[in-house]
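What follows is one structure encoded as structure tokens, with my remarks underneath.
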Amino acid sequence: MPIVQIDLIEGRTTEQKREMVKRVTEAITQTANCPAEAVTIVIREAAKQHIAKAGTLMLDK
Amino acid sequence: MPIVQIDLIEGRTTEQKREMVKRVTEAITQTANCPAEAVTIVIREAAKQHIAKAGTLMLDK
Amino acid sequence: MPIVQIDLIEGRTTEQKREMVKRVTEAITQTANCPAEAVTIVIREAAKQHIAKAGTLMLDK
Amino acid sequence: MPIVQIDLIEGRTTEQKREMVKRVTEAITQTANCPAEAVTIVIREAAKQHIAKAGTLMLDK
Amino acid sequence: MPIVQIDLIEGRTTEQKREMVKRVTEAITQTANCPAEAVTIVIREAAKQHIAKAGTLMLDK
Amino acid sequence: MPIVQIDLIEGRTTEQKREMVKRVTEAITQTANCPAEAVTIVIREAAKQHIAKAGTLMLDK
């Protein structure tokens, strides 16, 4: 703990994810007062046909 | 908010998902009294080897 | 399966939740072609200090 | 209910997953006093670029 | 990793949860070939008005 | 989207959570190239009897 689950639309590069987990971990450790080793992050990429906002798939927007 | 996460066995068509998010969003907005714009849905499809009921993978049923 | 997880801001009545799960289940069964018995829904209520949009807690909006 | 969600790094065989859901279900039913039929398990496999510990992707370890 | 999330109806004792996490962890480590230290479990208890099966709240069954 | 779910052991102050969501949102928007308005965060606090590491409840550590 903490465990962070991030749902994203697919399309980010590995370099973006590398930087994202580094910075999210810093944000958590500095505000929750816990060591970086305690932070686990899982990224889940979703296709545009698997996300909807206001009742409409991202695919159709 | 609300955030709706739906875990499904893989195999539905895009048209089924399109109708599903439309109708689930209506069900949420009409009972929770919130605007459709507030509803986000994430669909997660799982392979039959990744779901189990009563200790047995769907793959083996 | 399907499994539906709904994150909501706290404050809905039991009657609203009763109607919500009834209607969400109908929406799922009619579009995913599965029996109602297969649909499990978990509602999770969150306090306004536990949800944020655009970097700001709901508590502060 | 109970619903069990297991996030794993990809790479386990179907046989390992088959044994995993069998044994996790036994562990749950014997300690929560519920029938096996009540236990649903969803396994989610994540690529090494989608998991991070201590701010570093598994890919880079 | 692995991360295990368990949704349960409220009502189990601490002793039941203590035994549950011990046994679920054993089940995971022995089938996924990972050390016990790698396994994190989060238990989420839900009230009977927050779980539904077949469109009906547990509260009403 | 993105949707961020953070599981934490209970005990952080509202001020810590306020700062956490602000900084996590910045970390996401700057690395995923999305507007802050697109980022939703849900914090879930867990009691020490609801989290386990290596088969042992936090309560017992």
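Every chain is named by a letter (A, B, C, D, E and F) in the order it is written, and numbering of its residues begins at 1.
Everything below uses one rule, namely that a residue touches a chain if its C-beta (ideal position, glycine included) is under 8 Å from a C-beta of that chain, and two chains touch if they have at least 3 such contacts.
For clarity, every value in this text was computed on a predicted model and none was experimentally measured.
Colleague: Among the remaining chains, which ones contact both subunit A and subunit B?
Modeller: In this structure, the chains that contact subunit B and also subunit A are D, F.
Colleague: Provide the C-alpha centroid distance between subunit A and subunit F, rounded to the nearest whole angstrom.
Modeller: Computed value for the inter-centroid distance: 11 Å.
Colleague: Just curious, how far off is subunit C from subunit A if you go by their C-alpha centres, in Å?
Modeller: 21
Colleague: If I count partner chains per residue in subunit A, which residues reach a count of at least 2?
Modeller: Where subunit A meets two or more other chains at a single residue, that happens at 1, 3, 7, 17, 26, 40, 42, 44, 46, 51, 53.
Colleague: If two chains touch, include that pair; go through all of them.
Modeller: Listed by label, chains in contact pair as A-B, A-D, A-E, A-F, B-C, B-D, B-F, C-D, C-E, C-F, D-E, E-F.
Colleague: Which of the residues in subunit E end up touching subunit D in this complex?
Modeller: So the residues of subunit E touching subunit D come out as 1-9, 12, 16-17, 19-20, 23-24, 26-28, 30-33, 46, 51, 53, 58.
Colleague: Going by the contact rule set out above, which residues of subunit B touch subunit A in the complex?
Modeller: Per the touch definition, subunit B meets subunit A at residues 14, 17-18, 21-22, 25-26, 35-37, 39-45.
Colleague: Write out the stretch or stretches of subunit D touching subunit C in their complex.
Modeller: Going through subunit D, the ones touching subunit C are 1, 3, 40, 42.
Colleague: In the complex, go through subunit B and note every residue touching subunit D.
Modeller: 7, 44, 46, 49-57, 59-60
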